[in-house]
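What follows is a group of structures, each given as structure tokens.
Shared between the two complexes below is subunit A, which pairs with subunit B and subunit C, respectively.
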Partner chain A sequence: MQAAPTFKPAEAIWRVRLQLFWRGLKSSWAMFAESKIGLTGLGIIIFFAIFGALWPAYPWLMERLAWTPEELEAARNVPYGAISSIYQVYDPVTGYDPLIPGIENPTPPSRRHPLGTNQFGRDILAQLMASTSSEFMLGVLAALITVFIGTFIGAITAYYGGFVDTFFMRVADVFILFPLVSFLIVLGSMIELTLIKLAFVLGILYGFGQITVILKSQALAVKVKPYIEAAKVAGGSHFHVIFRHIIPNLLPLSFLYMMFNVTGAIFSEAALSFFGLLPGIKVSWGIMIDSAHSGGYILGGRSFQNWWLWMPPGIAITLLCSAFYLVGRGLDEVVNPRLRKR
Partner chain B sequence: MALQTQTKTETLVRVENLRMLYPVSTGIFARARSFIHAVDDVSFDIKRGEIFGLIGESGCGKTTTGKLLVRLITPTSGHIYLRVTQDPSTDSQGEQFVDIATLEGRALKEFRRNVQMIFQDPYESLNPRMTIFDIVSEPLSIHGIGSVYEREERVAELLSLVGLTPPESFLFRYPHELSGGQRQRVAIARAMILNPSFIVADEPTSMLDVSIRTGVMNLMLDLREEFGISYLYITHDLAVARYMCDRIAVMYLGKIVELGPTEEVIQNPLHPYTRALISAVPIPDPTVERQPIEIKGGVSKPIDPPPRCRFYERCPIATERCAQSDHPPLEDKGHGHFAACYEI
Partner chain C sequence: MKRIWQTLTSGMSKYIIMRLLQVILVLYLYMTLVFIILEAQPGDITDIYVGNPKITPEARDAIVKQLGLDKPIHERYFEYLKNFVTGHLGCSFKWGNISPTPDPVCREQRPTWDLIKERLPRTIVLFLTYTIVSFYIGFFLGKLIAWRRGAIIEYFSTVVGVTLFTVFTPWFALLLVWLFAVNLGVVPIGGFINPDSWTNIRQIGSVDCSVGISCSNIVFNQMLLWLGGLSLFWGIVYLWSRRFSYVWQRNVIRWGAVALGIVLAGLFFGGSWFGEVNRVVLARNTKFQFFVWYFEFPAGTIPLFPLALDFVQHMVLPILTLTLISFAGTMLLMRNTMLETMREDYVMAAKAKGLPDNVVRDKHAARNALLPVVTSLIFAIAFSVDGGVFTETIFSWPGMGQLLLLSALEQDYPVAIGSLVFTGIFALVAHVIADILYAFLDPRIRYD
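Entry: the complex of A and B
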């Protein structure tokens, strides 16, 4: 019973691993693609990603599609001399259309402003597009931080138990019961909350709360598996067991909760911006609704007369939030075999 | 039927007065007053190349004993001496006994090269997110042995050794792609990769189909033949114990009640508990009438057991003496056959 005569590896190990990774990705995708809600969510996310990515092309597109040569000529000649592009002097996010008298704003959707302008003459579509990438960044960054903290703390509390467990679970209780809005009001008055800072604050606030408890319960189920004992018998350190065995088995669930947390973060930003609590963020979907509100356009039964002011950002927030949620639901069926139909 | 091919004279593992008490928790701040005597004053020794069986019903402490021997848990008291080579270049003259019961840190990690464990459930003992190569080579990477290519070669060697051929077709598959028997072979390969001198096998075949059990058991016997590995073979199946083990010890509530050569114990059981255990094995012949041995009640938990024979409540031959005296010590009844009973 001697070993096989000089084993020759067929391929380099990294190549095999890459293939395995690719194969795993493909089979996960096959499972994910079976759920219609997951695909719907993914479709919406891709739509918004393209929508946001088109923002740099907005002036180029609008000059060719929406503005007639006469209008361009007129706009160029109004206050300035000859310039190559109207958008050199007209920033659609913060400026106003030189051809529309200020008194007429807000104007309803028109050819040059497909979603209308707000009371300051700012183009709604431009604001919507300009905000998309930052909404994505905020949501994904906050969710990444949340899940990073949750996975790490969850694995550690489950593995060590005892004092560590009690300590982080009481911390989680505090964070779950935390009055988020009041805290952010105070924090917003102390420091200027930019997008990145807000992402970190939201990530940390969510990370130590619910997600730690959820991932800890999963880690507890992993911790008692015999392969953990096998690793210990082989001499594996605590570090080895946590990072090689426990965390890899938590990652699918972490990824799932990341999707739900993106929803939470975008929604929180919108709510806080609406209350005007985030002066550090110059343009976002929440701020668009806030400016419509503070201009008095969605009060006193006038909301539907000025629908283009609040409906586009409202729909965008709802769609993007639900899209990440739907992807989460679709992933749920990949991660939890019990939910699979077969 | 155990294979008696090698001269087994050299003691590899010596267990002395091993004791594991688990506190019965009464609250966070209260000190535990009661203890479960999971393993209570157990002593035995295992020779090089010997398969030592540990049998008994559920909850008698066999698995705890196994975990103590690989130091997954630290014993409350007692000693486990293992003969280890101090310097890999010297031969057996350079070996000496080391008490592994109190090892810590680096010394403990070094010791773990010598002792491995095979678990009961092949479906749970392999990490589902790791490939067979990663699983089998894990001990190598923990101990930092070899480069990736040397490891791959060694894993392939081990896989063909345990009968997973050709190894290339198994290296980069996941456990869920393998059958139960194949998984247990992978677990055996993982246990073998550090060339241990001693393996604790915790009911390695009880979760497998009957049809593939013999294959796995024969593999373990072959490995013993080839590498002179000693096993502590934990099982509740007397037939398996008879097939595999050179000597067996019968455990009851944390105590060894009978110990001896397998055939001797099974043909000529002395302790009333062993007799009851053996009489419970069905005989595949409907015409055989067998007088069952009467024992009363069911197995209880050994929480603060009173100082008398552990088997007193259920014993058909118990007398005053068994109630008055402490649990009887293991006594030699001839031919290396030990039993812990005052009445035989």
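Entry: the complex of A and C
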């Protein structure tokens, strides 16, 4: 007597899924790698990520290279070993270098300060590095909130249609024409915006606007596909269809728009802090430019003197914003087949 | 009756009416949203007096009562809506009255609406000019880049375009000020007028502008009227000239209109000649009173041309900056849409027909790629006031954007909120007008 044959799949389902995912990722990467601008953007983002991640190492390194306690002890005429860590007397982001008299600031790049100091004696490179991580966090958080709202609302409006659709499209009309910059300025003058608050405000204001309309039109194209019908016939609930079938198909486009939103968020933060409207944020690239400008170091001199005060932060903002934009453009060619080279 | 109904519910009229109804709804939603968001903030306006030893709690309560902040929220909401509908945007905290006849409500203070009315034309001139210039340049370059895809110019212009598109605006503006105004000294550093050239001017034509109304505003508004009138005239002549079948006929008419407009404007702003004619005509005959009234304005006493040139000088650098920043977006968009239209069959057909390359590019591909660019132009105009905040502040151009930022920084809330709401309304109105124009341009829109 023969035993009943038991069905044994060749491979576990999650493995197949993982393999498919991996293959899709690989082919997308191949397409993405073809576009030079996308790769350039990615390179710049990685550079800034490393740059920001290295921040804790900077004081550690400088303490051994330039800011040695011995040097300080000799200058201050205190006994050897009285100063064990430079942090006792000097915080590079907010404090001033004890060995440079206040009147000499801003000092040009030197051994002690690779990018010089500003008029308050603060180390430019330290400020740049210290604020990189918060710029990243703000940009990515705001973009995530935007994309989350946009994808969800876009899928729901496309799926249900009718009143839901009309309502959210009229709301989107308001948010598309919303004077965002003016609004943030008025809001910033009323309440103390911290980084997290600003990320939420930006995310919500972007999220209900243009991105909802774009993702809705994409979701409408997905909704009429046969597999949606099949899922419904097989007894899938609304929830199941939206979350397992529509939203996964929107994600590539959402990811693309996320990149553009990161650019917008970083730009907004820099601009608002440049005009002194973000008292909740203590160190940022925008504030660095502002302190150079309000100190009269940009328009005060004819020659290129004091360049280290305002060139590095300006270039950093521009580079990081353009990096996310470039990655978006590179992804555009992956997601949008019409742009591909023949 | 039936006929009127039919006209109203068909085609273009129906589209316009539906659009206007939508706008009223969107406007209402926008105002409500602003109210809710402002209302959701902790505390109220009088919180700025918390640390002020001169304001006792009783005095603060009095201020709260005076501003109506003790009323329940729904009453305040209706009052807020009513005030905007009746055009009362409140009184500034910081700006004193300058008019010889003070506002009955605001008395010592300047009404917000007065401030906005004074500043809006300046913003519109600046932003309309740069939008048109930058869109033309972007359109032209985008077309060229797409046409020679893969050439070295594509990579170069993409890099330059993306850099300019994402550059940190205030920083870039400062860089240009540093270069052109501080180092080269070819343009003024900022501002709206050079006060030295206006000190001796107390009267323009028959209008006394020594008290209350400033002379520069009169000249500026005259300039604006002339620019608007001339553009309208040229537009009408351009459309009319298309009735003629020969190219030379069209060209004669168009260039004739341009020359006529320039001569008229030159005579008007040149001043003295018209003034003389006026006086002579007025002395001889009163029949031409109407024409005399019209031309009497500059009165020949002061040539307006140098004064008008003063504005132009101050506008050069902001317009250059804004153009550099924003043409790249148009260029990249134009490149993308152009790449799509270049694959269409009719472009292939035009090429196969043996038409010259530039004709296929300009007449067949570029014209059809224009529509998304026009859409983005509409948005650019709608957002001009909003996006201009930073540029206006850096160049100290006294427009709406600067007003908004300064009043926000100085906690002059009535002006800040008034200009915020007005910015939104302006965007909405500009958007609707542009939408209707767009529907005229593209028949596919009105019939769907």
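In this text, the second predicted complex is superposed on the first by the 309 of 342 C-alpha atoms of A that agree within 3 Å, B and C clash if a C-alpha of one lies under 4 Å from a C-alpha of the other, contacts with A are read in each partner's own complex, and residues count from 1 in each chain.
What we mean here is this: contacts are C-beta pairs under 8 Å (C-beta built on N, C-alpha and C of every residue); 3 or more make two chains touch, one makes a residue touch a chain.
Remember, it's a predicted structure, so these values are computed and weren't measured experimentally.
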In the superposed model, does subunit B or subunit C contact more residues of subunit A? C
Looking at A:190, would you say it contacts subunit B, subunit C, both, or neither? Reply first, second, both or neither. second
Report for A:233: first if it touches subunit B alone, second if subunit C alone, otherwise both or neither. first
Applying the touch criterion given at the start, work out whether A:161 contacts subunit B, subunit C, both or neither, answering first, second, both or neither. neither
First (subunit B), second (subunit C), both or neither touched by A:182: second
Per the contact definition, I'd like the list of subunit A residues that touch subunit B in the complex. 1, 3-4, 7, 9-10, 13, 16-17, 20, 225-227, 229-237, 240, 244-245, 248-249
Touching residues of subunit A toward subunit C in the complex: what are they? 36-37, 170-171, 173-174, 177-183, 185-191, 263, 267, 270-271, 274-277, 289, 293, 298-299, 301-302, 310, 313-314, 317-318, 321-322, 325-326, 329, 338-339
Which of the residues in subunit B come into contact with subunit A in the complex? 67, 70, 72, 108-109, 112-113, 115-117, 119-121, 124-131, 133, 135, 138-139, 142-143, 148-149, 152-153, 156-158, 160-161, 165-168, 171-172, 187, 190, 194, 222, 226
Where on subunit C does subunit A make contact in their complex? 22, 25-26, 29-30, 33-34, 37-38, 41-42, 155, 158, 162-163, 165-172, 174-175, 177-178, 181-183, 189, 336, 339-340, 382-383, 385-387, 389-390, 393, 401, 404-405, 408-409, 411, 413, 416-417, 419-420, 423-424, 427-428, 431
